[in-house]
Amino acid sequence: MMIAAMAHWKKIGIILGLTFIALYPLVHGDTYVMHIFILFFIWAVVASNWNLLMGYAGIFSLGNIGYFAIGAYASGILCKAFGWSPWVCILMGGLASMVCVTLFVGLPALRLSGIYIALLSLIFADSLPTILTQTRSITGGAMGLHDIPPLFEGITRLQSYYINFALFLVMLTIIYRTIHSSTGLAFVALRDSRSFAKALGVNEYKEKIKVFALVSLLTGITGGFYVHYLGDISPTTLAIEPFLLAIAMMEMGGIGRFPGAVLGAVIIVFGNEFLRLAGTLRLALLGALICAIILFFPGGLMQFIDWIDLRLTRLKARRAISS
Amino acid sequence: MTRFNPPALEIQDVDSFYGELQVLRKASLRLQQREVVVLFGPNGHGKSTLLKAIAGIHPAAAGSIRYLGEEISRTPSAQIVEMGVAYIPEARNLFTDMTVGENLRLGAYNRRARSQVAQNLAYVFDLFPRLAERRDQIAATLSGGESRMLAVGRGLMSGAALLLIDEPSIGLSPIMKRAVFGAIAKIKSARDIAVLMVEQEVEHPLRLADRVYLLKKGRVILEKPAAEINKAEIEQAYF
Amino acid sequence: MNIKEIINTLVSGLISGSLYAIMALGLTIIYGVIHVFNFGHGIVAVLGGYFTWLFLTKLGLGLIPSILLALVFMFFFGLLLFKATINPLLKTPNWEFSTIIFLLGMGILLENLALQAFGPRVKHIPAFFEGSLKIGFVRVNWHEISLIGIVLVFILILNFFLKKTWFGQAMRAVAQDMDGARIVGISITRIFGYAFAMATMVTGFSGILLGTKYYMTPHIGWDWMVKGFVIVVLGGLGSATGAVYAAFIMGIAEALATLYLGSLWVWPIWFLIFVTILLLRPQGLAGGRTL
């Protein structure tokens, strides 16, 4: 019994975690904590998508916050300008993000590698605030957009909580399925041996475009949920802090490991609330945290979990022998 | 007390790995001073790996490598060069955006050789007049034979007492092969230098060499004076 | 548009181009030799400026001694940073990725420490010379002329260093063929360390010069860095000559864009040029040549 439990400790952990999340609002239901949870749902999805692109597909994209912002802005603008249903706008926002990113980053990236993609995507995201400030009549410029309608009239914090929880579950399932699909395998093959993968008939261009399109679509949609939850958005979304937070989540969880970014998001989103105590030093601490993880803990939390797993397996083996 | 004339090179039970893959298994061989030794062996059985272990480019995992009696198996490559071991790789590894002259000068980077740049340069140009002609040409534009000469020349610039040459004739036309082996013969007769050469080509090296080793599956399986072995015997040993 | 405006524009393009050149050289040296892209480049430049400002105003040193002291500081800062962090990271399998993220994190850490120490207010470093020179209808500050002069002399010195000294040749050797460098007896780690230190110093120097012409805030480094990225890509990653040409091209392009389209367009023009190079000629002007 004990041994069986140990073998499944990860599954049990996941189930316990999800049950806790599902029951929290009913049992305790502090609105501020619920707010932090909602941010966690959103950032976990953003970071997991990023991890799919960077960690699994090995595409060194640094512009994912930009993909997020495009979806958020597009959805907000459509909703305010045309009064469409937020749900439609969110989908349109995701599509807008997908089209822009695939066109301006994905297609050029086909001919580029490593560092060039990093520079291109970074500069892509970096040029968005300039575009925003120059299109004030539509985007609100530096002030941003306000009074963006919520998902439906009179939505409560509790309803937002469960909607974003559902988003979190659906998105992570899609990411998980992608990793284990032929696309995911193609990237593993490309990562291990480019020439061998090509010999197997992997079409690198097609797979790259596919993953760019998927990640920007999902990230853009998440941006839509974010903007309709908060009700406003401004170019500060594109500032360094969200970028740092997302990178820290990926790093903390373990680059290229599936639920890693989610674990990272738990720690970073909740930890960031404590970091507010540090006031103006918060960003410095975040920078230091990122450096420290890479230097001393490069495998992230997933490595720690592997370590526990190994220990438990050994313990189990020893018990099996002694009994 | 210094040992009386220690061997130029003495390798004992060297193991070498690339990741999990073991390439050398207790390889052993020895070179006397001023001796020219050729190491034969089938493709992929670890000849280059052995030279890399000696030069410290890919250090051995176990075993001992002594150069003039001194243990160098753990010594950094920069120091090994300074002690007088020059490695001329099969891949050449020239500085492609530099001129022939710059490449040669860099061959004398180690502290001991810096004072003898002019002298060694004259020697190399004498050995390979072709390089003197192309002194200001960018290395990337050299022909295969010329870049092989440059690689050998760069190795000689270090003022080495032990030369490790990896397949100097590979991919060269018969005329170029003759030129390169001719130069090695000259080095042998004129310089106080020991040469360990890896080759696929048999006839030329056999004429040059004092002794021959055969490496197979990471082990040295045969050792004979060059005069007592012929092409057929070597090729037979490959299988 | 009259000829006067155009000449004035070219002159101001030349001035900013020379500043961009020296800034891009720091990035190029590190990429060329170590193959690491310095995502902390911007803050390193800013630190050079702030150190100078600090020595100037708080220690009461003269301008030249302050600059020299700052350069010494930057050199050792670079050396220490490399030995303590980058070098161990280079030995990990994921080094390309880890060094970039590390340097990003380091950049943000330093930026916010600078913010803490110096505050968000704009700071200047005084001009080297007062007054201006008037030739016909063109008027140029002596200070700006001196900047062009300093950068040109600097480029000549760097060129001499790379081509004629053992150390410079060793740096080029490492950049071109690392195994080849090892084979001739060059210690890679040593060259890496000093190349990083030197590049940090050069970058710091560029920050000082930028601080005399424009202004400094802890955040301005990001803008400088992104400009540096565009320039080194245009020049061809890792090519010093290419970077210098690209810097002057971008300086003049920027001045022309300001003149004809207005300053709001400057940033989009940078992006447009960047994407165009990436699409048409990713290897840059120098086409794969190394340091």
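Lettered A, B and C in written order, each chain numbered from 1.
Going forward, a contact is a pair of C-beta atoms (placed from the backbone, for glycine too) under 8 Å apart; a residue touches a chain by one contact, two chains touch by 3 or more.
Being a predicted model, the structure only gives us computed values, none of them experimental.
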{"item": "Contact graph of the chains (line, ring, star, complete, other)", "value": "line"}
{"item": "Most extensive contact between chains (C-beta pair count)", "value": "A-C"}
{"item": "Chain centre separation (subunit B, subunit C; CA means) in Å", "value": "42"}
{"item": "Inter-centroid spacing, subunit C versus subunit A (mean Cα positions, whole Å)", "value": "33"}
{"item": "Distance from the mean Cα position of subunit B to that of subunit A, given in whole angstrom", "value": "54"}
{"item": "Subunit A residues touching subunit C - in the complex, by the definition given at the top", "value": "54, 60, 104, 108, 111-112, 114-116, 118-120, 122-124, 126-127, 130-131, 134, 240, 244, 247, 251, 255, 280-281, 283-284, 286-291, 294-295, 298"}
{"item": "Contact set on subunit C toward subunit A in their complex", "value": "37, 85, 88-89, 92, 94, 96-98, 100-102, 104-113, 115-116, 222, 226, 229-230, 233, 237, 264, 267-268, 271, 274-275, 278-279, 282"}
{"item": "Residues on subunit C engaged by subunit B in the complex (per definition of touch)", "value": "166, 169-170, 172-173, 176-177, 179-187, 289-290"}
{"item": "Interface residues, subunit B side, partner subunit C - complex", "value": "55, 57, 76-82, 87-89, 91-98, 102, 105-107, 109-110, 114, 154-155, 158"}
